[in-house]
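Below: a set of structures, written as structure tokens.
Common to both upcoming complexes is subunit A, partnered first by subunit B, then by subunit C.
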Partner chain A sequence: MQIERRLPRIAVQGLTGCAGELLVILENLGSVLPFVQVASFPFAQSKNDLSDIDIAFVEGSVSQKHDIDSIKEIRARSKWLVAVGNCAVHGCVQSSTCSRYKAKELVEAVYAKDSPIEALDAKPLSSYVNVDVELSGCPIDKNQFLAVLASLLKDHLPYIIDRPVCLECKMRENGCVLIEKNLPCLGPVTAAGCGALCPSFEAACYGCFGPCKDPQLNAMATVLSEKGYNLSDILVRLGTFGIPEQVLSNLDVKR
Partner chain B sequence: MSNDKEETTKHIIEIPEITRVEGHSAIHVEIKNGEVQNVMLDVFEGTRFFEKIVVGHKYDEIPHITSRVCAICSTGHVLASSFAIEKIFDIRCDEITNTFRKIMHLGMFIESHSTHIYALALPDFLGARDLLDFGSKFKTEFADWTLLRNLGTAIQSIIGGRPFHPVNLHVGGLSHIPAKDKLEALLAELKMAKPVALKTCELLLKFNPPVERTTKPLFMALIPEDGAYGFFGNKVRSSNGFESDIQNYKEYLAEQAVNYSHAKRSTGQGSALFVGAMARLNLFGNLLQGDASAIYKSSPMAQGDNNSIWNNLAQSIEIVHAIDESIILIEKILARYLEAKSLNASHVRVQAGTATGAVECPRGTLYHHYELDTAGTILVADMVTPSAQNSWRIEMDIKEAVMQSSDIHSEQLQNNLETLVRAYDPCNTCATHMVSISYLEV
Partner chain C sequence: MGSVYAPVRVSDQSFAFRSVRDEAEIAFEALRTILPPKKFFYPAKETILECDGDEVKEHIEVVEPFAVFGVHPCDLAGLNALDKIFLSTPQDSHYQRRRRAAFIIGLSCLPDKHCFCKAMKADAPGKGYDLFLTDLEDKYFVQVNNQEAFEFILSCKEFMHLASDQDNQGYKKFWNDRDSMFEHNFDSAQLPNLMDLGWDHPLWQELGERCLSCGNCTPVCPTCYCFDMTDVAMFNSEKVEAERQRVWDSCQFSGFAAVAGGENFRPGPVDRLKFWYRHKLHGFEDPIEIPSCVGCGRCTVSCPSGIDDLPGVIRILAGRPQLNLEGEIA
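Moving on, here comes the complex of A and B:
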């Protein structure tokens, strides 16, 4: 008797975002297809079945009511839910920390009061549902994505580095663009995973993977302030890719 | 009685989500007494307010923030915003920096066009059911897509740092000059990919449009700046002879908000515009060189066939152009590599001002407009994306296709409508960036 092996079913779904993670996953399909069945991936195929999902990868943030319905449905139908990309993990540039406006303010300023178009403050998935794995990045690193998938296919929670970019930067033996070139590098407070990409291109890290674990924001802001950067500009810069607003408003910067 | 009954004959065609496009959109068509009453392309991607997000940020952050409007054309957003800001600061980048930017931009075209053609549009013509079907039954096409796409991502990774959301392109120039051996490796890869690009054109030439076109579209594109086929410029031309400087874009692109969609709709002097690869070929195809020129001249487009489906073929011709042009430009840099290596990014002298920058993106003309204060902080921002410019034209095409159809309930018509929409390569993540919607009654 032959028992047919069922391939694990994955779903790749997008809420509100730039489709970057969908693109990373699409571009790495060749490595993935032998091991999984792509049950749903509306960006890339027309026949989709969002039932009995083993692993769901969801990009984008929750920015409208339609997104809330989608993420709840995906959560209910999936064994593992992986938030992929800065939007899904932190809210990215769409979040009110980057724009410094509430969605309500934007809508009232821009749409008529009776507009049927709804907009919510862009929030990460974890604001609405339980998320099993959070893989940040803008975009996500393809090797990290493949490692997460490989772990989950073995029913293991993956290891995702939460140390700062500086660690990877030192390992690449780059010169320090913050100390040596006085660039506003956010590497000390940003999660690694990119391989210290910007400093390797002699540029300042701008924080696109979101905050690392226990980011030392007071020290970061103090160093930049000592280098002559205006404190309010520093706070705007820090808030761009996912450091929460309430954390920034409570900073105690030595001047 | 029967007359009354006839008058109330009403059908609605609904496609709740168009798959294989970027972002989320739907089609609603209302038909009454056999006449199409209403066509709505509903972009229901969440609104993203980019024009408001960037206000209060410093000029050097803007390319990196606006790149997040759209992954697949992020290089275009980075360059359009840099061009606008450099105009305000009166910076003119040196020739080598401009050459690197052009190669980077061509890399985006190769990546974006090949992904659209193979992964999003082609399954309609091949009859691939899903991704597994595409990967296993159409191994050659899957391999060709992989090769071309990898070429586009390699160009953007070597010059920009990664396949999209580049880290090496800044206001004023590059922060790092790519290594010589990596540029040489790119040359070899480009030459290897050329036959695959030619094969892609041949493949697309074979697929006849499933629906006919009855009206003539109004094409618009940037006039290439140096007299050769290209994607940078400061003036536009449209197929009715209209020309203008891009700084007047608000006058000739009257943007309208529609109450059924999160995307604004642009008009070209009051008419439905068609921007993108087909528009560029229609207006400037005579500037193409070599193989790209020969294929274009032998295509139905050069004979005046304006069917939107040929936009897929137009994209494949642009891949051929992008490969040939990248080879020429990389050779130019390699010949002056020592000079390139000693380059520093232009010194940025911050000053207040207002300016507009534009580039031709894979899907059409992209405009970025900024007003900065004396500290280089953004006061006002505006962007007009290609997909917003094409949406009215798409709706008109849908109407034409429905009118031609003998059976409006058929699955075939629904498939044809989706194929038609996909040919425009619409990017709904781009289209819903906007903030300045003034609400109109329809």
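Moving on, here comes the complex of A and C:
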């Protein structure tokens, strides 16, 4: 008797985020359907079963009490947990420059005093659970997503480029907008993966894939301030997509 | 017919070798392209092995013949250096296949303030080309390096005439005049010694603290050959396939000298920048004695932080920052 092999079960879940990753995954579901069974994807289907998951993709930061419960549950039920998007990987907009304010102050300003909303300081998934793979991007790149899934289906940890955008920018042979146009390009400190999209259209990289490995923020801020950018603008720009406020407030800018 | 690649303008200040179909597309004035011609032979990303699910086999790319027009002497020297690396035994068959398929047409140039190929002894068209054109304003003086190039010349005889005495004089005058135009004129034989003496110079700290670790300085270098290998799984129509890819790497990235156990030989930008300078100006104690810099000035113009100034660093290491080191280093 032959035992029928079931297709690997994937889950696609969202915490506090904009659904950008969910959309990218939805748009590319067609090409992965022959290889997986979509066990849970509340954004896209009404019947969901979050048990015995092989690969879970989770978008969004942990910023409410029920997010903590969700992420712990997903972790417990999945073999591989993949954080997708800057919110899940870095906390993104909710945690970076917004962390200048206390969560309580923000809740009171946005909702009302004594509102029942239980907002926490937004944190990446890795603050609460072990994450196997982190794929940044705001939103993620579809080719990177497909490569991650293909790799995990082979039980092989995927290679995700952690080099700066400048490498991809050089490979495309763009004129450097930081040098030639004095635009505030964050390519040197931003993780590649987008294929240097903005500089390829003569725009400055604004860091939407989050920091690259070991970003040289002092040097980046120094170079930008020498070009005449004002330090507080530089810090906001650096902080938007995931460089933590604590890191930014300790920068040592040589000028 | 394969493609013809030549420098085209890609932005206000930059050029790149791109495929061209018409003479009008060519930027004859291009002094340095963003990437050197190494990209044709040792591409930024290439597949080395492929796996169809069961079997792993070498990926063998079919390379159509192609021509690269407008390669300056420093870039020819860069290719010669890469030949020594990739074509020494064991030969890199991927590089060799492309090198064999290429027809290289060199072109003379006049230096700007960042050029120091003369000091690095990479300023004259030596080997590595099929044809070399020297611009004599109303005509080109053509040097023919091999049988294939000679046959090409015969195929377009109507555009050619035998060089006259006057042409020969014109050729010599061009290269003599060019020789006197270089700003940087130091003795590169002393560079290894200078680098050894300056191993602990405060300059490294000062420059390294400004380094973005962006790695722009190494892909642009005609002699940088470092790569990483990654295994990439991918979806194909029916089953999951995988490839082993070779991708350009850079010693300026923090993972470059990381080893198992979480250790890193060069954890910070100061260590990495110093290492880069050392490899460029000292070279490795390598049996094939690879010249690691050909003086093209690409790193200088590509560094967003303005810290890749090899001639400037050489002056400082030599202890004579104010002097223009005509012909010597103390």
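As a working rule, the second predicted complex is superposed on the first by the 246 of 255 C-alpha atoms of A that agree within 3 Å, B and C clash if a C-alpha of one lies under 4 Å from a C-alpha of the other, contacts with A are read in each partner's own complex, and residues count from 1 in each chain.
Going forward, a residue touches a chain if its C-beta (ideal position, glycine included) is under 8 Å from a C-beta of that chain, and two chains touch if they have at least 3 such contacts.
This structure is a prediction, so every number in the text was calculated from the model and none was measured.
Asker: For the combined arrangement obtained by superposing on subunit A, do subunit B and subunit C clash, or do they fit?
Answerer: fit
Asker: Does the superposition put A:Leu251 against subunit B (first), subunit C (second), both, or neither?
Answerer: neither
Asker: Put subunit A at the vertex: what angle do the Cα centres of subunit B and subunit C make there, to the nearest 10 degrees?
Answerer: Between subunit B and subunit C, as viewed from subunit A: 120 degrees.
Asker: Once the structures are superposed on A, label A:Ala119 by its partner contacts, choosing first (subunit B), second (subunit C), both or neither.
Answerer: A:Ala119 contacts subunit B only, not subunit C.
Asker: In the superposed arrangement, which partner chain does A:Leu153 touch: subunit B (first), subunit C (second), both, or neither?
Answerer: The second partner, subunit C, only.
Asker: One more residue to check, A:Cys166. First (subunit B), second (subunit C), both or neither?
Answerer: second
Asker: Return first, second, both or neither, reflecting whether A:Leu231 touches subunit B, subunit C, both chains, or no partner chain.
Answerer: In the superposed model, A:Leu231 contacts neither subunit B nor subunit C.
Asker: Of the two partner chains, subunit B (first) and subunit C (second), which one does A:Gly30 touch, if any: first, second, both, or neither?
Answerer: first
Asker: Please give the least Cα distance, whole angstrom, that subunit B and subunit C reach in the superposed model.
Answerer: 12
Asker: Which subunit A residues contact subunit B in one complex and subunit C in the other?
Answerer: Common interface on subunit A, subunit B vs subunit C: 202.
Asker: In their complex, what parts of subunit A are in touch with subunit C?
Answerer: Touch list, subunit A to subunit C: 31-32, 34-35, 146-147, 149-151, 153-154, 156, 158-159, 162-164, 166-167, 170-171, 173-176, 178-181, 185, 187-189, 202, 213-216, 218-220, 222-223, 254.
Asker: Within their complex, state which residues of subunit B touch subunit A.
Answerer: Counting only subunit B, the residues touching subunit A are 17, 19-24, 44-50, 52-53, 55-58, 61, 64-65, 68-72, 74, 115, 119-120, 123, 129-132, 134-136, 142, 146, 149, 153, 161-165, 167-168, 170, 175-176, 259, 262, 377, 418, 427, 429, 435-437, 439.
Asker: Would you mind writing out the residues of subunit A in touch with subunit B in their complex?
Answerer: It is residues 14-20, 22-24, 26-27, 29-30, 33, 37-38, 41-48, 60, 63-64, 66-67, 92-94, 98-101, 106, 110-112, 115-117, 119-120, 122, 138-139, 197-198, 200-203, 206, 208, 233, 236-237, 240 of subunit A that touch subunit B.
Asker: Which subunit C residues qualify as touching subunit A in the complex?
Answerer: Going by the criterion above, the answer is residues 10-14, 16, 33-35, 44-45, 209-216, 219-220, 230-235, 238, 240, 242, 248, 250, 253-255, 269, 301-302, 304-305.
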